[in-house]
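Structures are listed in the sections that come next.
In the two complexes that follow, chain A is the common piece, with chain B as its partner first and chain C second.
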Partner chain A sequence: MALGKIKADTLEHSTAGSLDTSYVVNGTKWRINWNGSTNVINGSFNNSSLTDNGNGDFTPAYTNTMADKAYSPTGQAHMFNDAGTNNSGTKVMRQGGESLLASSLRIAVTNSSWATLGDRVSISWTLAGDLA
Partner chain B sequence: MINTPEFQGTHLWDRLCWAKENLEGHQSDYRVVYEDSVDECAKILVPDPNWMACALQGGILPPVEVYWLLAQDEAQPDFKKHTRGYLLHNSKPIEAMTEEQAIEYLIMKDVPQSVWRDYDSGNKPKMVICRKEQLPGTREWRNAWKISEDIKATEQAA
Partner chain C sequence: MSEIKTDKLTGTSTAGSILVTGEGNSTTTNLQQGLAKQWSYVNDTGTSAIIDSFNTTSWTDNGTGNGTVNIASNMGNVTYNISVSTNADNDGRNRTCGVFTGTNGTTSTAGLYRISRWIITANSLEDGYFYSNTLGDLA
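Let's look at the complex of A and B:
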């Protein structure tokens, strides 16, 4: 990546139209994909660590802190665990009540009834919002 | 080894973009096991491979104290938005670390201070650094995992 600075408010494609760069500024700021059974991080950006809090309970932490707690995380998980068990109806949710942290995100992976936390072979989360 | 550009004053996000394009991720074998509540099982911190590459490269990550200052700001009851984010970008980046130094940095960044400040003052350590091979081979009874009563904090990991 070149280190020169380009300032632009709009990106314009030759045929497909233009895009206000504020969309880029407010776009995805963090991502992680990991195996919840082995805790191997397969892909990530702007992530410093992953903490395994127990079955289906994880906390990734950001390298570049978010500007506030009003960002928008989104996640998904595969339905299989490491033993090959099909957990159809797997759900993911963020923990921590109404307030997020600007530095990390606590995540839960549950069965279809939300009752039991469990590990899955692939869990992915992304985040859109503003950086500190 | 590729040289790190002079990054002081460059937004940390832009540094991470540079690192993503120029550095190979490093999967560390180290794990940090800690307990921050007697009612919960032991937690296991796994270093991110891209973050570890930045730490080993040097000149990218801010001093860990910056994260402590931001955490203090966030802990204020009237916190709305970070106003000192510039500390991440304008502080002099830290030099290249060994993998062991990087783990210590990561502990001070991502493990609660209540754990690492006095991790070895009780009847047993609240935190140990080990290699992943030293963890149980399967996740059976994962929610019952605890740091062994017999372990010494100064025992060698390998």
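Let's look at the complex of A and C:
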């Protein structure tokens, strides 16, 4: 049986309300969760590869590329404990110029001092934007 | 404008996978993968309470500045993405938050994750508001 295709501008649930399908099309286009110490990808969507550029410096690449560089990536480097004493952060890397590309982005991860780059055991990133 | 009225969308080839044509009108993305599977807005000041949420059963207050989000319909594994944010202090700075992973990154389970909020300059926990969501595979 051939695959079906439905064109619609609105989805409506019987009790939970309706949704313009533009919200569906504009959903998350990529996600990755990886261990920065081992470079093992734990889970992902639309991710083709992960390059370790050095301590706390990574470049994941997308399977289906974005339309341009004007998308919105957000990320989180999780912490080892919940006492606020061994935290970390992650940001888009801009060292050496623009790192957002249609096919990938470069990510910096800081260690507990927030001052130097460091590999962390659980890093998550997602993005929203337009696919090519 | 066309409108579909239904309570459930199911893929024909694979029940849990529906493709959506992207903005460029050629590449497709996956409907299920693009949807947030859980979110919650928690007031963890005083008597903590969930202000609003989706697919969340409860918030467990583990003490000052940290707690557990309990998911209603579990995720399919522990490799899902968690994003969390919090409120700043009164002058708009000096607070942050995170997800507790433990030293081996395995603290989160398919049914819960732990988050904390702290004062950056003091490295001490403090109660506040948590805004969190998850992406990944449902069970």
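Going forward, the second predicted complex is superposed on the first by the 107 of 132 C-alpha atoms of A that agree within 3 Å, B and C clash if a C-alpha of one lies under 4 Å from a C-alpha of the other, contacts with A are read in each partner's own complex, and residues count from 1 in each chain.
Definition applied: a contact is a pair of C-beta atoms (placed from the backbone, for glycine too) under 8 Å apart; a residue touches a chain by one contact, two chains touch by 3 or more.
Just so it is clear, the structure is predicted and the values come from calculations on it, not from any experiment.
J.: After superposition on the shared chain, which partner residues are touched by A:N55: those of chain B (first), chain C (second), both, or neither?
T.: In the superposition, A:N55 contacts chain B only.
J.: Does chain B (first) or chain C (second) touch A:N47, or do both, or does neither?
T.: Only chain B is touched by A:N47; chain C is not.
J.: Tell me which partner touches more residues of chain A in the superposed arrangement, chain B or chain C.
T.: Chain A has more residues touched by C than by the other partner.
J.: Which partner chains sit in contact with A:K29 here, chain B, chain C, both or neither? Use first/second/both/neither.
T.: both
J.: Pick one for A:A132: touches chain B only (first), chain C only (second), both, or neither.
T.: After superposition on chain A, A:A132 lies in contact with both partners, chain B and chain C.
J.: Could you look at A:T116 and tell me whether it touches chain B, chain C, both or neither (first, second, both, neither)?
T.: Neither partner.
J.: Is A:T74 touching the first partner chain B, the second partner chain C, both, or neither of them?
T.: It touches chain C, and chain B stays clear.
J.: Once the structures are superposed on A, label A:I6 by its partner contacts, choosing first (chain B), second (chain C), both or neither.
T.: second
J.: Going by the contact rule set out at the top, does A:A102 touch chain B (first), chain C (second), both, or neither?
T.: After superposition on chain A, A:A102 lies in contact with chain B alone.
J.: Per the definitions at the top, what is the overlap between the chain A residues touching chain B and those touching chain C?
T.: Common interface on chain A, chain B vs chain C: 1, 3, 29, 32, 45-46, 64-65, 67, 82, 131-132.
J.: Can you list the chain B residues touching chain A in their complex?
T.: Residues 5, 10-14, 16-18, 20-22, 27, 40-41, 43-51, 54, 61, 67, 70-71, 74, 79-82, 84-85, 88, 106, 109-110, 139, 142-143, 145 of chain B touch chain A in their complex.
J.: Mind pulling up the chain A residues that touch chain B in the complex?
T.: Per the touch definition, chain A meets chain B at residues 1, 3, 29, 32, 37, 39-41, 44-55, 61, 63-69, 82, 101-104, 119, 131-132.
J.: Using the touch definition from the top, list the residues of chain A that touch chain C in their complex.
T.: Per the stated touch rule, the residues are 1, 3-4, 6-15, 18, 24-29, 31-33, 35, 42-43, 45-46, 64-65, 67, 74, 76-85, 87-89, 114, 121-122, 124-126, 130-132.
J.: Please output the residues of chain C touching chain A within their complex, sorted ascending.
T.: Going by the criterion above, the answer is residues 1-7, 9, 12-13, 20-24, 26-31, 33-36, 62, 65-66, 77-84, 96, 98-105, 114-116, 118-120, 123-125, 135-137.
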